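Shared between the two complexes below is chain A, which pairs with chain B and chain C, respectively.
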Partner chain A sequence: MSEIKFTIDGKECTARAGQTIVEAASSSGVYIPTLCNYDGLKPAGACRICTVSVAGRNMAACTTPVASGMMVENNTPEINDMRKSIIEMLFVEGNHMCPVCEKSGNCELQALAYRYLMLAPRFPYLWPRRSVDASIPKLYKDGNRCIQCLRCVRGITAADGRKVFGLVDRGGRVRIGHDPELAASLGEEQAKRAMELCPVGSLIRKGVGYAVPIGKRKYDGTPIGGELERA
Partner chain B sequence: MGNNVSSKIKSIVDKYGGDRGRMLDIIRDVQEELRCVSDESVSEIAGMMNLSRVDVDGVVTFYHFFSKTPVGKYSVYLNNGVTAVMNGRAAVAKAFAEAAGTAFGGTTADGSIGLFDTSCIGMNDQEPAALINGIVFTRLTPDRAKSLVAGMKAGKKVAELVEEFGDGANQSDLIRSMVRNNIRRKGPVLFGDFTSGDSIKKAVAMKPVDVIEQMKISNIRGRGGAGFPTGMKWEFCGKAKAGKRYVVCNADEGEPGTFKDRVILTELPHLLFEGMAVGGYAVGAEEGILYLRAEYLYLREYLQDVLGKLREKNVLGKNAGGKSGFNFDITIKIGAGAYICGEESALIESAEGRRGEPRNRPPFPVEAGYLNQPTTVNNVETYCAAARIIIEGGEWFRKFGTNQSAGTKLLSVSGDCKKPGIYEIEFGTTVQTLLEMVEGRTAKAVQIGGPSGACVGKKDFGHRIGYEDLSTGGSVIVIGPDRDLLQIVKNFMEFFVEESCGWCVPCRAGNVLLLNKLEKVMDGHGTMADIKELESWCLTVKSMSRCGLGQTSPNPIQTTLKNFREIYEAKVRKDVDYATEFDLSRAVKASCEAAGRIPNVHEEH
Partner chain C sequence: MSKPVVATASLAGCFGCHMSVLDIDERILTLIDLVEFNKSPIDDIKTFTKQCDIGIIEGGCCNSENVENLRLFRKHCKILIALGECAIMGGLPAMRNGIPVKECLEEAYLNCPTVDDGIIPNDDELPMILDRVYPLHEIVKIDYYLPGCPPMADLIWNALVALLEGKPLDLPYEVVKFD
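What follows is the complex of A and B.
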């Protein structure tokens, strides 16, 4: 495998051919925030929080392969402010209720809001009417908290490869739909995986809840991206 | 669901061999037959094709012309674009609604007539216009709306409601449409003399690389808006390793205000198809696809007929152009109402029978496009020009236009001018010269390149039309002195909100936030801080969005803020730094009306 040399904010990094900027940055100890991206799933480029600038052009770091000699700008005030505004858009576009959400402390959206020091969103709330769906036997699906990251769509399929979840409608009305029969056949392991895949509290396992107390959850002690930066 | 319905769906699915790639055709036929694609129909289709229900549902709900609820035996789609509004759309809509007895967005109680809004249908020079069961009705008036409803109520066939035919091929037996071409100015590239077969014969006598070389010499850049050099695109496509390659013609023409591709499809389809064959020869493709927007469905039979004739003449088919071993043919794929499907990778997704969501790049379509094979996607006008370039040579072509923008450009002109229609002009023509031509001298603003382009004012009328100055895919909307520019900007933003695919956050949420903020300013609740925020949010949406839609959708606000800042400043309050957009009187209006009370609200301003 050929090695590629490139820089992120001036720091020399190396990558393997075919790696995305996000992957290469991570193996070089540089944190680029991601939200819709998930290890092992095909990148979607949906949330755009990983946006970096290369030669004055903005691109999603999760879908763009590194190229030799690339000079990536990642940690600049302009880019960080725009990333923060993406987080804020996600908060106003849905209805998030961190204090009572089971995902609180394990939620990537919340963790990113802390990381980017969001106090109140700069955008007015849109207060959309979103529905809660309790029809899936093992999962509780709350549209209010869904950020349309498509992680469930990409990560959960039936044994024969058919989609369990999928995007329906378009524009601001898009939401995650599911195939009722395929969703009903989800086993315990798959339900668990769905909840893990979901970065927010939109897919919650039924029958178990609040297993880890607040204070001991993933981002309660370490900010998101923290492990990478300490290493 | 009745067995009857189930068997109807079965025969439709069978007709297309249960092919996943024909999903749009299957859904269109189901919709046409049952007047909607209900949850039950979705389940049936999914079951028969062994797909996930949500896969089918995702496609049905993505496209504007598919509906899960009944659209009526007669479904009226009335354009809500700006020129329709300028030409009295509101009164026409009112007449339709009153005569039919239902509001827009619904169907009459007996399920006979459905009324719906729709984005630009490519008739900007003859608005207000509507599609009724796919048939175009132009230059509508309130009286005409009433007589149309009367005809529908009497159970007439929609085709019988067409009272006069337009010009040219619109009168032909296979079109029989009232649409007018309004060709105002013919130029040498598109409208020069053309004998069918000449271009492909000349092309196949050359080596493919030499055909591409002529394209490069001509300096032609794509006519669809983005302006990528066509020679280079063909070269990339031709060189990409592949089992098969594809040539796709983008006839989606969704940018509000453009209709030039419609006129080409009507009057010069042989030139277009031959250009596609030239492209096929150059890149090494055997299959061409014309992706036709659903709004132009009325041209399908006619275009099929032209294709048949070209096969007879051996312009297409086996040994096309008389070149043994070069087999090239063209099929037509039809959209279902989605502006985003003009974006080339979304178009490919749609042609494959899926939701028209753009793909992430790389890979680009020239490496992995239709069915993941190398594909060149070009605009209708680009292929026509290519056919001509092969006949006349690249050098000939680059003599027209400017250094960076060679050749001529077909413009679709509409709005406040005496001569709306299409004009083939040389690149480098100034806005002022164009305004003289179209007799729109009183314009206070001109929208160049449609909503995703720029709105320029008088001080910029000396600028030139071309990639290096005022870039355009073809739409030119003339805005007269009495128009409210902010209303126009709002109409454009509503369009983008409706047409965003919804995949990425900045475009999906950002455009809604921009529209709301614009409304706040228009309602008189804005301050100077709101103008600043508008400016900065425009930048965020443009620089963070995934595809060309979100990367240009803030343009109506951004370019009017730049060129007509005073209209924003005149609307905002300068006495305060912050004003809430919450309007107590408005918030309680409905409840007060219901209760018959006069609100006792203390108004500060």
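What follows is the complex of A and C.
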């Protein structure tokens, strides 16, 4: 397989044919923030936090394949501010109460807000009325925190390949629904994976609670993407 | 030269952010040397006696008294700091925001399991409850935000010292947290 050469912010990078910008950047030690993207899942291009500029055009780095000679702009003030505004929008259009969230410290949305130093969102809070569903035996599903990244929809399937979660309704009322029977059959391991897949605290395992103390959680000391940049 | 004057207030909050101010430990002795406190629960001065340089406000606005107090602070302080999650986004009191006020009041004062023959308080002396809890910046202009529930003592200290010395705010990754 021939190697493709391209640049990110002037840095020469190489990629294999078919790799997306996010994948190629990651193997070259360049961090591009992602939320809806997850290793092993088909990219959805849903959250747009990975937006980069190629030849003056903004595109989602998780769904765009690398092309030879591509000049990608990633870490520029304009793009970073746009990413910050996406994070702020996600914060105001849900009910993200970090102090009462079990995922706090391990939450990717919160970690991105830390990384881009969001102190207060520039948009007004919308306070949507969303529901909490505790009907699944091993998980509870909190619509308040859901950012509709579809990671649970793409990643959690029953043994026969059927999807456990799916989108319900449209527009502003869109939410994650589930198949009651399939969801009831989720085992401990699958519940754990569902909680890991969810970048925010929308899918929380029952009967576990605050397992890791403050100060020792994933993003307490290291910013998201920090490992990649140090490597 | 006279010392910078600082005022603080707790609106719809739990006083945890003020506790975090006290958490700066022995540095509070330095702080007292550096600044003069005006209206604040720390010294129990109830009304402004002069114009202040820095106003630090904890808690969001959940009733008419909070709004009045906040506007008073904006009028009397050159710089206004929103301290903590409630001041910045409404915090825990804002958990009522998706629910109509009528439903909230009925749940608390009429239908709550521990209530017998309840009435919804309606005395003229009581401040009017707002339709929802508002963060400070949706009511007045806020100059600085220090997040956290409560904000870490080091964050408050770093920010105050930077402001007093006229330097840019120091916000290291380890101390800026939302929880």
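Methods note: the second predicted complex is superposed on the first by the 231 of 231 C-alpha atoms of A that agree within 3 Å, B and C clash if a C-alpha of one lies under 4 Å from a C-alpha of the other, contacts with A are read in each partner's own complex, and residues count from 1 in each chain.
The rule is simple: a residue touches a chain if its C-beta (ideal position, glycine included) is under 8 Å from a C-beta of that chain, and two chains touch if they have at least 3 such contacts.
All figures in this text were calculated on a predicted structure; none of them were measured in a lab.
After superposition onto chain A, partners chain B and chain C are found to sit side by side with no clash. Of the two partner chains placed by the overlay, only chain B lies in contact with A:171; chain C stays clear of it. Once the two complexes are laid over each other on the shared chain, residue contacts for A:58 go to chain B alone; chain C is not touched.
Legend: residue contacts after superposition of the two complexes on their common chain; A:113 is shown touching chain C, with no touch to chain B. By the document's definition of touching, both partners, chain B and chain C, reach A:124.
Chain B and chain C, viewed from the C-alpha centre of chain A in the overlaid structures, lie at an angle of 100 degrees when rounded to the nearest 10.
After overlaying the two complexes on the shared chain, residue contacts for A:82 are found with chain B alone; chain C is out of touch.
More residues of chain A lie in contact with B than with the other chain of the pair chain B and chain C. When both complexes are overlaid on chain A, the residue A:5 reaches neither chain B nor chain C. Of the two partner chains placed by superposition, only chain B is touched by A:47; chain C is not.
Contact with chain C, but none with chain B, is seen for A:98 once the two complexes are overlaid on the shared chain.
In this overlay, which is a superposition and not a single complex, chain B and chain C have their closest Cα atoms 6 Å apart.
Shared contact residues of chain A, touching chain B in one structure and chain C in the other: 124. Considering their complex, residues 46, 50-55, 57-58, 61-62, 338, 340, 355, 357, 360-362, 497-506, 508-513, 516, 533, 537, 540, 543-546, 581 of chain B touch chain A.
For chain A in complex with chain B, the residues that touch the partner chain are 43-49, 51, 58, 60, 63-65, 82, 85-86, 89-90, 92-93, 122-124, 126, 147-148, 158, 162-174, 177-182. Residues of chain A that touch chain C in their complex: 91, 95, 97-101, 104-105, 110, 113-114, 117, 119-121, 124-125, 127-130, 214, 220-221, 223.
Of all residues in chain C, those touching chain A in their complex are 82, 85, 88-92, 94-95, 97-99, 132, 135, 137-138, 142, 144-147, 149, 171, 173-174, 176-179.
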